[in-house]
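For clarity, chains are labelled A, B and C in written order, and residue numbers in each chain start from 1.
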Amino acid sequence: MSNISNSLLQMNNIENMNQKNTVIHRMEPAVKLLITLMYLIVVISVNPYQVSRLIPYLFYPVIGIILAEISLRTMIKYLVIAMPFTLFTGISNLFLNREIAFPMANVVITQGMLSCCFVLLKSILTILAVVILTSTTSMDDLLYAMIHFKVPIIIVTQIMFTYRYIGVIAEEASIMYHGYILRAPKAKAIKAKDMGPFLGQLIIRSFDRAERIYQAMKCRGFEGYVSFSGKKGISGKGWFYVVITAGILIALRLVNISILLGKLFM
Amino acid sequence: MIVIDKLSVQYSDGKQVLHQVSCRVNDGESVGIIGANGAGKSTLLKSFVGLLMPSQGRIEIHGVEVNQKNVRKIREMVGVVFQNPDDQLFMSNVYDDIAFGPRNYGMTEEWVKQRIYHMFHAFGIEHLEKSHSNKLSGGEKRIVAIATALVMEPSILLFDEPTSFLDPRMRRRLIELLKELEMTKIIATHDLDMALELCDRVIILKEGSIYAEGQAKDILTNETLLLEAGLELPYCLQKCMDIGKV
Amino acid sequence: MHMSDALLSVAVGATMTAVSTGIIGTSIKKINKIELEEKKIPMMGVMGAFVFAAQMINFTIPGTGSSGHIGGGILLASLLGPYPSLITMASILLIQCLFFADGGLLALGSNIFNMGVITCLVAYPLIYKPIIKREMTPKRITIASILAVTIGLQLGSFAVVLETVASGVTELSFLTFLSFMQPIHLVIGLIEGAITATVLNFIYQMRREILDSALRKAPMKPVSLKRVLFIMVFATLITGGLLSAYASSSPDGLEWSIANVMGTTELENNTSVHNTLLNLQEKTAILPDYSIVNETGDPSPASTGIAGVLGGLFTLLMTVIAGVVLMYFKKRNAGRPVN
């Protein structure tokens, strides 16, 4: 089947997930956004090959997923979609760099192995962090968090509109797609030569829709500027979370817990 | 009061859509505009709020002429509910959508909040406050769309096909809701049954001109007239007449 | 081709974020000053949604069994003009990263540059527009679309290669990576270019005014283009500077990577260490023997490495246990009524 419905389903899943009411869902959106960004920066700043330094950061997604009651299945689905290119890079590293990093028991750990693990682990961590953010925060809250962090209104407005109309336009596309497939039963997808009229038609419809939306906006006094409600700042409690998380993240970055723990056994 | 005097409207490609339309709508009246496809119903509605400007003639609303200069003032007095609520609800939650108009007219957040909670209460849609429009049902979308227009406390409300996309139950609920609204209502529609139920007066448009005008119960029961305008008798009347024949 | 967070180093990610933020800032100023009529605000949003929907529609690629979808950058630029299309593209990329895990949040800057800036502010005004501007005919639309899309994608994939290699996460050499990426994107570019051409020709036939208005209302003055190029050159210099500073502070090759494994750069006797490692490998002895301590008292890379593996596994285990415990409490609490 077309992947229109799949993509819409995926968006729908996320929207349903962020309707829940858990500790993480209740956190202030701006705080969550800030924490996610800090986490990403710290994780990304770990230098290549330092797999052992990355492992402790798994705590974050594990705690996040459990507290926010996110289904593992959804998470895995995400990883599968997002991983192919990183997987390719990681595996190619395995073959390209066979220099020995260090031997261990009967096995020799090569740098390729390290960098492969490194790339894969890093991508799992970064993807999960973003998924946790979006599956616990509605688009509406994210937009307000962006406004809070001074993202220009025009960008926020664009994200708002695009997000609002994906479903509407995709629905139209889906109807057209079914109309096409029903009359071309052998086709697996739309033939390249028919894409011109197909997408062209969709563009014209989208243009007409934008025209109607514009009229509806004008009727309610639109003068070129979309206004949002007053900004909500981050509360004291919110800052507390931010500072604590920042402390933990930095501590993990400075101290290699894995190595410390490993030494206990040696 | 709305006074339309010899109104002609032309599209930018030169196509003449309305010719020499003249009529009046009194305060508190509810007027149906009916006609076949392409008769000019939507165009007439759009020209009330200056989305299309007259090429000839004029429209006056409460003594204010519809022109480029007054258009903002006009739109404050006249609310519009478009045919497709998806075109009317574009913000990221229901609250912001209803607040869009008042905010553009510089109302204070406090005022906006009060009004919106009043609307929520009146329509029983408090639970939708934080919802994204994607998540609303067809009926909920329609009600929120009406709320976005009503929040400005307009004295005139324009409806373009208010019953489209609604299931029978929701249609009934909408009709009851419209009956309760006391302001002037102008409803462009193909739903003749609804027009018969809701409207005091009906205007039939044909090819851009007024073909007939009169009391709803006179116009909508005149089969010959309706057939000539490319319409038909409301279904309920057809049914009654069938029964009468038997 | 979306860059993901995992493929970027902080230096590259930060530079690209700075570059894209700068260019978007300039674009917003431009839009606010001259270009944007208020109608474009809903128009951009809806067209953004259109590109999204368009990317969900698969078409069969003639001559192969496979199917693909379009990216839509040039399409967007030819309908909206350069600056609005860049803003729209940036919004699309952000939503993709948040809801579809396509590209990361910190990689957003790179992705906006590779797919937005390059198509909307380079390929469109330098290739597409000059061809169309003289005269709009179906033939010219076709040539302009194919050229602009193909060259845009080539530049974009080149940028991906540069950014990935500069980030140092791949072991692929620059040239190998390049020789892998460019031909693939040449093929993708030609196909997408051809599709874009047929779409634009359809619109040309049906509603020509849409294409005209994009051209007319998007005055791209040579000055502004210069500024964009200036920002790009400037950004490249900064990136280069930052990266070389970063690289020079790190030792070379093996030394560097071992230093990274250990988290220290103190490795004077690296050749001997290397030899020892090789010997040890040949002997294939058991674990405790590897705990070699050198004069300074620092553990050798081998012991650090092993400690890393063991400790890493242990941390992993602890994480899992913590997760299970947390889940247990969560479930138990869920059973209770909330007061």
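Everything below uses one rule, namely that a residue touches a chain if its C-beta (ideal position, glycine included) is under 8 Å from a C-beta of that chain, and two chains touch if they have at least 3 such contacts.
Since we're looking at a predicted model, the values are computed, not measured.
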| item | value |
| --- | --- |
| Pairwise touch network: line, ring, star, complete, or other | line |
| Chain whose Cα mean lies nearest the overall Cα mean | A |
| Averaged-CA centre spacing for the pair chain B and chain A, given as whole angstrom | 42 |
| Mean-CA-position distance for chain C and chain A (Å) | 14 |
| Geometric centre distance via CA averages, chain C-chain B, whole Å | 48 |
| Where chain A touches two or more other chains, by residue | 160-161, 163-165, 168, 209, 213, 217, 222-223, 226 |
| Multi-partner residues of chain B (at least 2 other chains) | 90 |
| Multi-chain contact residues (two or more partners), chain C | 42, 45 |
| Complex interface listing, chain A residues touching chain B | 15, 138-140, 143, 160-161, 163-165, 167-168, 209, 212-213, 215-223, 226-230 |
| In the complex, chain C residues that touch chain A | 1-2, 4-10, 13, 24-25, 28, 31-32, 36, 38-39, 41-50, 52-54, 56-62, 67, 70, 75, 79, 87-88, 90-92, 94-95, 97-102, 104-106, 164, 168-172, 191, 194-195, 197-203, 206-207, 210, 254, 257-258, 260-261, 263, 277-278, 280-281, 284, 286-288, 290-291, 301-312, 314-316, 319-320, 322-323, 326-327, 330 |
| Chain A to chain C touching residues, read off their complex | 2-4, 7, 10-11, 14, 36-37, 40-41, 43-45, 47-53, 55-56, 58-59, 62-63, 66-67, 69, 78-79, 81-82, 85-86, 89, 92-93, 96-97, 99-106, 108-109, 111-112, 114-115, 118-120, 122-123, 125-127, 129-131, 133-134, 142, 152, 154-155, 157-166, 168-170, 172-173, 177, 187-204, 206-207, 209-211, 213-214, 217, 222-224, 226, 256-266 |
| Chain A-touching residues of chain B, taken from the complex the two chains share | 46, 49, 51, 72, 75-76, 79-80, 82, 84, 86-88, 90-93, 95-96, 99-101, 103-105, 109, 130, 132-135, 148-149, 152 |
